[in-house]
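Chain naming follows the written order as A, B, C and D, and within any one chain the residues start at number 1.
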């Protein structure tokens, strides 16, 4: 059996990846083409989508922090469950750029929501794996909230395909729901 | 109530984000199109704006370092106050690109100053939160300097809208004011 | 003789570089030009190549982690052997972009495989150097797997030049081979 | 007087910035436009310049590592001396892109060398500051090599303006000189 390892490098690596994800999104924000207020207004949808994605990545970082605070060791499966989460998170800048440029188009907004859904599922899988490893009853950590969010993210994907602003509204509401103080525990 | 956590990951994550912000700005600096001295001179305004932003991000890093040296633990509200600061700082590369390309246009220079203003306000809020958490009298840390700067950043926004080089001059003067040795304590 | 140093900064620096490599690849993924399903389908080959590269960089990170868990000190030669590995890894985003845009062209797919081959060779050299330094018999760590992979990567380069999808298939099979649980030890 | 601080965050921040510098250069390497060997050959000068810059950034990281291994505390002036070094290093990707696209043009190659010269001078200033702070006789650390390099970098700037390949040759020779084993100590 694979021996467990200290969690230090997993945390450091995850902090690095999350720090890059949260920061490189700004590279997709092109400066306005002109120098007038109308030019600035033109980049507003992309900017709002950027702010929303910043909040989501922040939520994941806060919850990742809380999640690993409770374990001391990780095994190989936990390393991969963590990389799986980081993979879906790494697509956030890409869907942010697409949805930011096309704020009213069904497919980009739905894809944005689908990536949030996959992040949420992979966060749940990671919590599960850490629970199993620690010998704790699986689904012990804030999972009701995590599972509820998964359903809402899935609903937002369908809503976006029907009417994009409705899906976007669900994304905003879920973000607000997660940054409220008592929301700090468990997945997202 | 949410338990407090060690500050290690908050510092590591902030260092990561600030390191990325200070470095990716250079990606917005396009190489000159030709290979003559005149081509190089053409990128000078963008280059100077880059140097100024590098100094500002450096100032924030030095002050962030000093601020967290004085606390041992952080709670959830401090995590979000810190993310709030990082959000406004993450926009520095974007306004640097816009103001660097349009060094004499009122709106880009004013927006650059507005982002500095919001960074300064969010730094003050973060200091406040850490003070409250530590049970120290709020506004105890270098706040006179921080508050004074906030007023000057706000003035620079208005000045920029009237005559951009004047606003830019205030940005330079405030940067010099903050890198002077005794300026190392408190907000920015 | 050069004194040895703690491995802390080497690990932190490597984590930083690997985190950036794994994350910036997404910047090469352009958002689709339109907002229809057909536009999204057009970026699928690039996206699959991105996912494959993400897995490869993840494999290297997991194995790097396992490799350095067994040493306490590094000397100057190990620093450079590590930088040599990071150099070839740093080219993964570049070959991912080229092979992602040209998924059926022999040369891009062959070059992608050549970079994987050079990563694998440099990982073997790094293991060797750490073994020599630790006074362990060289080639003690999972090297049969590492050496076998090197031969297969080399074969994939030749196969790609003959028929690109065949080379790509080898890349996928080798990735699966390395993420299987018992594959966590040694080089890649 | 400003109190000194632990060096941990300075090292972590510098590692982050240097890791980003060494990695984002690859973003400036455009994939070849076609898929033939001739297209690949067209990007070779940029690629070689990238490899050289990777080696230079690696040299600085190794020497930065060695330099800070000898101090335990840093003061505010050392923080700024370090940021000053990182500023000039942050310009390496920019001059790499320009010199990589114009490998035979005097000005880009001279500017590349000028940035190396400024990195070297700022490394010397940082060593000095750390010496003064530690109460050691200034210029005690490998400074002969550092000073010698400064003269050669300055000469390379002039040579590049006269005949670019000659300047480039000096850059290559100096890199080789610094990566030789006994070259690990002191500035660069």
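Just so we're on the same page, a residue touches a chain if its C-beta (ideal position, glycine included) is under 8 Å from a C-beta of that chain, and two chains touch if they have at least 3 such contacts.
Bear in mind that the values here come from a model prediction, so they are computed numbers and not experimental data.
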item	value
Same-residue or different-residue interface between chain C and chain D, half as cut-off	different
Label of the chain whose CA centroid is most distant from the centroid of chain A	D
Separation of chain B from chain C, taking each centre as the mean of its C-alpha atoms, in whole Å	36
Separation of mean Cα positions, chain D and chain B [Å, integer]	26
Residues of chain A engaged with two or more neighbouring chains	12, 16, 19-20, 24, 27
Chain D partner contacts - residues on chain B that touch it in the complex	11-12, 15-16, 18-20, 22-24, 26-27, 29, 31-32, 35-37, 40, 51, 54, 58, 61-62, 65-66, 69, 179, 181-182, 184-185
Chain D residues within the chain B interface of the complex	2, 5, 9-10, 12-13, 16-17, 19-21, 24, 27-28, 76-77, 79-80, 83, 86-87, 90-91, 93-94, 97-98, 101-102, 105-108, 111
